[in-house]
Amino acid sequence: MTRVEILGLELKNPVIAASGTFGFGREFDEYFSIEKLGGISTKGLTLNKRDGNKGIRIYETPSGLMNSIGLQNPGVKGFIEEDLPFLENMDIVILANLGGSTLDEYLEGIELLNNTSIDFIELNISCPNVKEGGMAFGIKCNTAERVVKEAKKVSKKPLIVKLSPNAENIQEMAYSCVNAGADGLSLVNTFNALAIDVYKRKPIFENITAGLSGPCIKPIALRMVYEVSKVVNVPIIGIGGIINWRDAIEFIMAGATAIQVGSGNFIKPDISLDIIKGIEEYMKEEGIKSLEEIRGII
Amino acid sequence: MKENYRKGIIYKNTEISPNIYELVLEGDFHGIPGQFYMLRGWDWLDPFLSRPISIADIESGKIKFLYEVKGRGTHIISKLKKGDTLSLLGPLGNGFDMQMEGRIALITGGIGIAPMLYLAKKLSGEIHIYSGFRNNAYFLDQIRPYVKTVKIATENGSIGHKGFITEIFDPKDFELVYACGPTPMMEVVLKMCKGIVPVFVSMENHMACGIGACLGCTIETIRGMERVCKEGPVFKGEEVVFND
Amino acid sequence: MTRVEILGLELKNPVIAASGTFGFGREFDEYFSIEKLGGISTKGLTLNKRDGNKGIRIYETPSGLMNSIGLQNPGVKGFIEEDLPFLENMDIVILANLGGSTLDEYLEGIELLNNTSIDFIELNISCPNVKEGGMAFGIKCNTAERVVKEAKKVSKKPLIVKLSPNAENIQEMAYSCVNAGADGLSLVNTFNALAIDVYKRKPIFENITAGLSGPCIKPIALRMVYEVSKVVNVPIIGIGGIINWRDAIEFIMAGATAIQVGSGNFIKPDISLDIIKGIEEYMKEEGIKSLEEIRGII
Amino acid sequence: MKENYRKGIIYKNTEISPNIYELVLEGDFHGIPGQFYMLRGWDWLDPFLSRPISIADIESGKIKFLYEVKGRGTHIISKLKKGDTLSLLGPLGNGFDMQMEGRIALITGGIGIAPMLYLAKKLSGEIHIYSGFRNNAYFLDQIRPYVKTVKIATENGSIGHKGFITEIFDPKDFELVYACGPTPMMEVVLKMCKGIVPVFVSMENHMACGIGACLGCTIETIRGMERVCKEGPVFKGEEVVFND
């Protein structure tokens, strides 16, 4: 009943674990069977291993949090060798979330991923926490367009481009990416944000700004998904502050085919199961046979 | 499969010293000394993150936490009463190495005393505790039965040595040291013990997931960035890189 | 000690009541003496009286709220006759918040305000809740620049331009407005956002989207004030989710000369007094003689 | 200058019927029937807005509220216990016109009964109450001493008339009607009473400030948009424009 299809691939349900909040699934699999999820987006990968940022990485804000992890990850090769084997044995759709600071880095990463069992590449052109870590690509349409075009040329996997809410114009950005070959879009990544330690008289984070996520951003993220769904014709994965089934349904009604749960995982490790169950109950109650019936209904 | 985020029913939650609370929950809880739980005493979204709190003791059918009210999360928890419920995730982290024996010093600063009762109860060596506080000593009465000596220091001298606890501690008397407290204190302990006696420190950091997935709680070690919630919270002292 | 100066005018303290959350001060004055504030920004005025929007106008979100009031107001003349007399007898700096849907509307409004005792015109080029209610002006730099340039020509009052966080590029927008003659800037207005009723399968608000405000947006608003303060040299009034003295100090450290309290007024009517008191105590504790010492310190 | 957002200490907070709570606070509170307070039973930011709740009764040194747990705000309030504090702003709004006399009907649907005890106590006419509920009747025992007759209807017929309360009410018997309940009920009452007897209705809307400043709670009236928190919550029935 909750099945959805993205670019020919079937997901058991529309609930995907969001990149960076779920590792490579192993830790969460100790708490619930992650095969119950529709999919998992991996921690953001870069071509080479990265240590990530120093200093405070997590800071709580009203109904949300800021993070500045800085893409700590084992590198694409490390992922393929150490983490993918665990995931590929599972009945779950895998999105390899890929960041990069240069075009070449993206392209080499894609080539390595081409020959693996991952299902989608989720191209992160929007990580705000690394200097040139993709952020620059996610703001202006023309730079985004260039990366996506080249990525599409080399990618053998369907390409989902993850948009930044910091983009100057989210509709134009979405349109540009699709125009350049994006097979799907996911949005939003975190909002560029600031917090200051008033006693130290310094920003909380070493990088000055960091990425804001969680329920606090949901109303804005939902608006962006709605706007984007009006201008593109590819599947959209809605992300931003989703913590319950109502949130998920709102994103679907705004036009999303699937949704990702990020910060919500920190409230309760199996929050996604609650969301899936809630969606099922809502569908029964409302006599909805397939989520297609309500997708983009507003 | 591990137990999930579960509810605990509060058996008691009492202020044992100004701003210091002892929280006891009923239920069948697990964990070794030095491990912690993520506590959540509210159903809403602000505060957003759960709070990491060490296991202070586990007895049959009960778990004890000792916590200091610092900000909003601990404030809300402190208002909970007998019969109220609380969500917990745990036990998390590595915990102290329990294989050790010999003459062991536990050095604590402030609320860093929290994991020491359970540790003292479970360790088999000869244990001496050195506890520093700002004004009031607490929790030591419960620890006393399980240790050989108790040394206290307070900054205002109201009880025990006036000054820092590290001033009355001699590393040469010990074969092993466990330290838990503010970073500056732990740095002093490490400096004093360097080349004399091995030290294990329990580290703190802001946490989101608590289970090793978000990489939010990492600290710098000689092996690179490591997660306080997974590789820690207990680290070999010489492996931690302190930068200030 | 808490005194600040904006464009030659002295404010007792940097705390100003934000437009639309404080009416014309009368209702709040029943709860505390509003003369204790540094200033008040009036409910958004338009040349002609407006009834505002129908349907739900207020909707709670995590740590914030969405509103779609639609600039219900008595019109500039009505304000001058009915509401200004109460305010002008007070020892408080008055910002007349002015919206408009056409350039002419703005200009006529300014001319009426020129001959009154108000201290500043706060030009609202950013209200998301009225069709053409200024929103269109607040997104693209060139349209904003045009309005500000013309407004500046006719205004005899110092002109503070209130920026929308929905602007494509907040730094370029700030720069354009100052270039066009803005004497000061205030930011941010509300974020364009969406909420959906999953049972009615319709947006909560009749206008579909509405404006998000409150503590949820603070980290983003603070980042924007910081960014703007790096590119302009005029006084900045920081707005967005301020509910305590720490928030206020953060905005000042990010470069603001004064701050406005909006949604915070809904938590506690005299929340601004707590903020003022908190700022004073912080200054004493930290040995700060004037807020100038910490302005833009990060 | 009016009293500000103040704290009240909870004297009791008990569930008198499933999901229906009676909350009594100690303190010197003011207000007339039909006025309300904005309640806030939490120190944090989610839920963000305070909740408008009518005065159910005021006696020397005590105020009573009657509320139904609907969403998160009322849920949190329902968890508060004797001795806990709560913030309140009020009294707010216009309240019922207390000059009226004669044969008066109070018509309520569900939790719309909340303001009626205080109203019945203070009105001087001959009062008859008509209360509709889904399954369980509540609060009427307290009101009974102050009214001439009590009529009840429940949707499941468990007590009183089976069906809607409006089915057993005849407008011709009265000189004045006060109605409080769900909008559809009030619309029926207005239709029935039109041209026969004047009706006052107590309206609801989402509120932010509660004091007339934000214009968030307006409803359409024949005079234009008016604030439920200031010109209301009590309006002359024929002045309200219902659109659905």
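Worth pointing out:
In this document, chain identifiers A, B, C and D correspond to the written order of the chains, with residue numbering beginning at 1 in each.
As a convention for this text, contacts are C-beta pairs under 8 Å (C-beta built on N, C-alpha and C of every residue); 3 or more make two chains touch, one makes a residue touch a chain.
Remember, predicted model here, so these are calculated numbers, not experimental data.
The chains in contact with chain A as well as with chain B are C, D.
Path length between chain B and chain D in the touching-chain graph (shortest route): 1. Between the chain pairs C-D and A-D, more C-beta pairs are in contact across C-D.
A straight line joining the Cα centres of chain C and chain D is 35 Å long.
Once the centre of each chain is set as its mean CA position, chain B and chain C turn out to be 46 Å apart. Inter-chain centre distance (chain A to chain C, centres taken as mean C-alpha positions): 34 Å. In chain D, the residues that reach two or more other chains under the touch definition are 45-47.
With touch defined as above, residues shared between interfaces to two or more other chains in chain A number as follows: 61-64, 214-215. If you check the complex, the residues on chain D that touch chain A are 45-46. If you check the complex, the residues on chain B that touch chain A are 1-2, 4-5, 40, 45-50, 87, 89, 206-218, 220, 224-225, 230, 243.
On chain B, the positions that touch chain D within their shared complex are 42-47, 72, 75-76, 79, 81, 84.
Per the touch definition, chain A reaches chain B in the complex via residues 20-23, 27-28, 30-33, 43, 51-52, 54, 56-65, 67, 69, 72, 214-215, 243, 263, 265-270. Those residues of chain A whose C-beta lies close enough to touch chain D in the complex are 62-63, 215.
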